[in-house]
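Structures given as structure tokens follow.
Across the two complexes that follow, subunit A remains constant while its partner is subunit B and subsequently subunit C.
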Partner chain A sequence: MKSKKRGSGWRTLWHPNFGAPAALLILYIANAVFTPRFATVSNTLNMLLQVSTTMLIAVGMTFVIASRGIDLTVGSTMALVSIIVALLINHGMVIAIWAALSAALLIGLINGFLISRLKLDPLITTLAALIMWRGVAQVVGDGRIVPFAHPTLEALGKGYVGLIPIQVVIAAVVVASAFFCVRSTLFGRYLVAVGGNEAAARLTGIRTERVKYSVYLISALLAGLAGLVETARLAIGDPSKIGVNAEFEAIAAVVVGGTPFSGGRANVLGTVVGALIMQVISTSFNMLLIPFTWSLVLKSLIILFAVFVQRPQEV
Partner chain B sequence: MNQATSTVLCMTDIKKSFSGVPALWGVNFELQAGEIHALVGENGAGKSTLIKIMTGAYRRDSGFIEYGQNSVAFQNPTEAQAVGIIAVYQEIQLVGFRTVAENIFLGREPHSFGIIDRRRMNTGAAEILRRLGLHINPRSPVGSLNIAHRQMVAIARAISFGARVLILDEPTSSLTQTEVSVLFDVIRRLKSQGTSIVYVSHRLEELYAVCDRVTVLRDGRNIVTQPLTTLSRLDLVCHMLGRKPDQVSKGVTAFAGRPQNAVCRSVLLQAEALKYQHCQGSVSIEVRHGEIVGLAGLLGSGRSETARALFGAQPLDDGTVKLEGKLLELRSPHDAINAGMAFLSEDRKADGIIPELSVRENLTLAALPTLTQWGIVSRKRQDKLVNRFMQRLSIKAVSAEQKIHELSGGNQQKVLLARWLCKNTKLLLLDEPTRGIDIGAKGEIQRLIAELAEQGLGVLMISSEVEELVEGCQRVVVLRDGQSVAQLSGEQKNLQAILHAIAEGADCQQAVGG
Partner chain C sequence: MAATRFLGLAGTRLLRLLTSQGALLLLLSLALFGSFRYQTFLTPLNLMNIMRQNSMLAIVALGMTVVILSGGIDLSVGAFVALGGVIAAMLAPAGSLVAIIGGIASTALLGMVNGLLVSRALLQPFVVTLFTASAARGLALSLTEEKSIAVSSAASGLVWLGRGFIGPVPVPVLIVALLYFAAWFMLHRSLLGLHIFAVGDNEEASRLMGVNPDRVKLVAYTISGLLSGLAGVVLAGRLGAGQPVAAFGWETDAIAATVMGGTFLGGGQGSVLPTLIGVLLLGMIYNLLNLEGTITPWWQLVLRGGFLLLVVIFQQRVVKTAG
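== the complex of A and B ==
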């Protein structure tokens, strides 16, 4: 109890409900002052548009990390979804989407089985799955890029509701449901209990296996949704490019947003803020004509800083 | 004792604290050449701290260690190893897919011109194994050996380092009876070759079978060091538990003076012939409605295992569990909870509390499904429940939203108890419910347990404090090496009888019926 005092200056600065939003605000205001045409409605909407797929994946990743796991498969899930949709779109949109999301769920089911039932290490398991499913996606697509034309599906990625891109609406709905889920549902409460102390959760009667299963299913489903949106926007099925590095962007957003890697807390809104911070950096560097590579350096520093201030406290 | 024996290792006035909490208060330990020296004590006695200081894993705060004729201060285990002090732990550190010989010589492979000399390695390993009287092929991979033989390989590795002092930490905990006798042969052989052995175990039989002297620690202090031939089992147990059989202490717990409803109510729990791995005997227990039954025994006697198995948290090899006459199939705690059981583990931190969650969330965790509609938890009902139980158990917290790990041990325990009381619980399994809790809270929890029993709950309580069992329980079942050896109630249920049963087993008291 006493040790809480030590180093609390930095910690309150990066308190999950305070530090990241403050950083985002500062970044945004600084850019509004220094970057021409940054703080406009169209640029802001554009940034939201660009971040929305990352946001979807990052929300799923928040669940996984809160359960003390990790899911590296998400980018490959997007790729598989992308090629399945592109190949089946001529048989009708419903069939294509249904098949693609089923494939995503299957990936989640397999991950869940390996990790919660066979107790394999999540990092290695999903790393293997990452390699495998990207491979499967390319085999399914025969290594080609598959373009398609389907206005209804493409609207998912390009359409607007009033001023707001449909993608952004989807992301907002997902974020809101995830927030509610963590806060108020039985599953959400079980999730943080399992992540916080799995042995204790089990002894309280929580079926921890089921919780972990669900977490990987949710992550896969949201990755599938992200893949769908991305494919719709590009109007191509591209198993070698879509979703590359998506898992890392998602993990970065989660970490910067204040969900600890040690599990036990799921900060969905923090993840949103984390994703936005990353996006603001990319966009502003781009607009200021600073080479893209420098934005990577700054992002990595921010990730390290976030991990540093969240490091486990000595008790 | 042979007067000519010389002292190999002498530790004097060793003190060690961890973040201000003393673990050793000035402990002496003396080991002679060719001696098998038992080191025993209950939880928190300081055995493992002492061993770690011996092997250089920890550094002492003060005190002297003399090894041979020199004063030593090991900075790390490698330094201790280099002069011949080596520990073989329960979790054996070997490389599974390398051969026996490779494991024995790992890191010190005989080589010429940078190339490992396999022939020399294999003959060297064979020589050491022969010295230990073991028939193990040095070329077979360690992964293909059984646990006992792996342990022998670990010992052989220690010998190959030229161990003069070998520390065995609970070496028999995962061995079968025959494997134990192989281990004993090896130990005796080493002794005859002049190696000194520090033997840590809770099994009294083994101590008397193989050890020369014993040092008992309790709460970080020396209690006694004596040849085992002059120390009776009863005295040894009394030293370990810090009780004297003729000691009369009444009214030391909050249980004292409470009416013990002797009226026989109907049977609640009936557990028969429970068996776990590596144990010879079996455990049978019966708990009635409104009854507190105590489980007594030394550390490692199978008390916690019994409670965990009853709760479905640990697999049973054999046996049946009936609750209110209904046969239960216990695959997980979930099943046990549905049947109406509840369990407080002995280690609150490891598998009790969810540290980062609030008092409210910890308290309602087990009852959550009953507070949920359409998958959504009702915060209102949650708050109502939490307020009620925080008041009833007088849980002291800043608010229900305070994180549980910030509470004192006693208050944490109350929250965990409340976790089960707000559910429909029939049988409470309590594993050391008052350990590590300040006196005030301890009394409150004892009173609460008694009240709950008066209301008709069945309670099975494990405790290392014999007074708690004598004053709190209607009946006490004594366990020893995974076997229920005595069942005491009424007049027979006193300190002396319990200590006696722990020390001597069934032969002194009436055996437990089926």
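== the complex of A and C ==
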């Protein structure tokens, strides 16, 4: 019984989107052939470094989308965290990080309240909240860029463990725990049940409200962590630039990775592959000196294609 | 007992009045407040200015209202405004007519793509339009290499569209008046309008009645794309330039105006004229903030988002009470 469950678990992990890993492989090999200095250890590590913040957010977004929601506030959460850390770092690192992550959790709590308690539409709610929190971040920092110097905090974004950047280690730990959470915990089961059919999930005794609260809290916390890492790497608090378009990148990674918008499935490893695909595209465009704006166009088309391919067949 | 019942009844009635005419009441009280606080507020010049400044948003919100009535949502409008303006500015050396038609046609085509993806491919509207938005924004930025494109002097008609006057009335305001009249007629006095309401209210039922929901949705998204392009063209004429970063976040304002006008986010209920009131309300709020002067632009973002949130919460409450 147990082994059977495990078998089906592994299959659902890859089966519906065998295409995404294949696409990643093809993209990587094609770039290795055509783009000079692409397939080197340092460039690969660099790509992993650049993708790690997106990865953090995308993992949170996977939970939200699996519960049949959406969270557009992640970029603004990063901005708010960034400015709070930069402003408070002189009072000590622990206080700064505590305050910043509390702010992130507050955003998640409000999202959760509006969406699960007041039953508002997640899209409209988080769209409004996206603009509002970006504004709050700029009000808090008075629209300024706040530079700081704090070696311990900066190590979070710039340090290395052996050859591997600390950021990548953080992302890997988060991915591993999210994978474990979805596959082997009760919460993972609840999450999939709520996303698949909320009414049915409630009838089986799952506290759907609590599950929905949790996904927005997780998403906000991971976005906060991403904001922290990004701020540490840049050593500035920048409420207007940090996290712009982060929601776009994260949603892209999730969708390309095979977690459907219709909810009911959480594919964490798929999200990792999706994020890597997006990063490979960005990096190759960058190295081939094609303007960044064209990569935005291409990525959007790829995502639309991915969504189109995965559209629900049973109607 | 009877008293509480009466109070409850009065409460329901008040709530109903607030939803049907809430935006108008709010607009009037805000105008009253403004006129007491600033002598320059209720002058024809300032009022005309508010209308002129918000005519582009009014055009966009009209398209948004049609889409929301049909049960969808269109997040691509802001990017389409930018793309329409940029294309018009780039085509301006070839003459006004080419520029105007080019700008409008390109976004109408993209609107049609939205419609096809939503209706034929059965994708969720917000997914489709979120990513066509980023594609259109990316295209606008790429075509212009992230610079703003000045409108050439050959296109005097394009500039007239944005800055001209017919008698005392600015051309953009006239366009808005014509469009809203036409849209009202289309929605409430034509078969297409009936079908839009039917599809938005209950797609399955409308299909059983013989309506073709796919075609209705296609038309709705095409209208929205076309109107966004028109707004972009007017904006380019007004600014004298096509700016790829223009109209950032207009989808939020358009949704807010639509919802404030009493159109339900689920579709099937609402009208276009209240949307215009919603647009004016937003415009008046921003205008008052500007007159106040002490409020930094950052607060505007906070208010913008917070306002939309409040409006949506309020509407949700009303739906719950009514149902």
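The rule is short, and it goes like this: the second predicted complex is superposed on the first by the 297 of 315 C-alpha atoms of A that agree within 3 Å, B and C clash if a C-alpha of one lies under 4 Å from a C-alpha of the other, contacts with A are read in each partner's own complex, and residues count from 1 in each chain.
Methods note: a residue touches a chain if its C-beta (ideal position, glycine included) is under 8 Å from a C-beta of that chain, and two chains touch if they have at least 3 such contacts.
Quick caveat, the model's predicted, so the values are computed rather than measured.
If we overlay the two complexes on their shared chain A, which of subunit B and subunit C does A:R202 touch? Say first, second, both or neither.
Only subunit B; A:R202 stays clear of subunit C.
Pick one for A:V192: touches subunit B only (first), subunit C only (second), both, or neither.
First partner only.
Counting touched residues of subunit A, say whether subunit B or subunit C comes out ahead.
Touching more of subunit A: C.
Contacts for A:S184 in the overlay, against subunit B (first) and subunit C (second): which applies, first, second, both or neither?
After superposition on chain A, A:S184 lies in contact with subunit B alone.
When the two structures are overlaid on chain A, which partner does A:G159 contact: first (subunit B), second (subunit C), both, or neither?
In the superposition, A:G159 touches no partner, neither subunit B nor subunit C.
Identify the overlap between the subunit B-contacting and the subunit C-contacting residues of subunit A.
315.
Which residues of subunit C touch subunit A once you look at their complex with the stated criterion?
Per the touch definition, subunit C meets subunit A at residues 73, 75, 117, 121-124, 126-128, 130-132, 134-135, 137-139, 141-142, 145-146, 249, 251-252, 255-256, 265, 296-306, 308-309, 312-313, 316.
Give the list of subunit A residues in touch with subunit B in this complex.
Counting only subunit A, the residues touching subunit B are 1, 184-187, 189-190, 192-193, 196-197, 199-207, 264-265, 315.
Across the complex, what residues on subunit A touch subunit C?
70, 114, 118-121, 123-125, 127-136, 138-139, 142-143, 248, 251, 255, 261-262, 291, 293-297, 299-301, 303-304, 307-308, 311-312, 315
Under the definition above, what is the set of subunit B residues touching subunit A in their complex?
311, 313, 332-334, 337-338, 343, 345, 350-357, 361, 365-366, 368-369, 372, 375-377, 379, 405-406, 419
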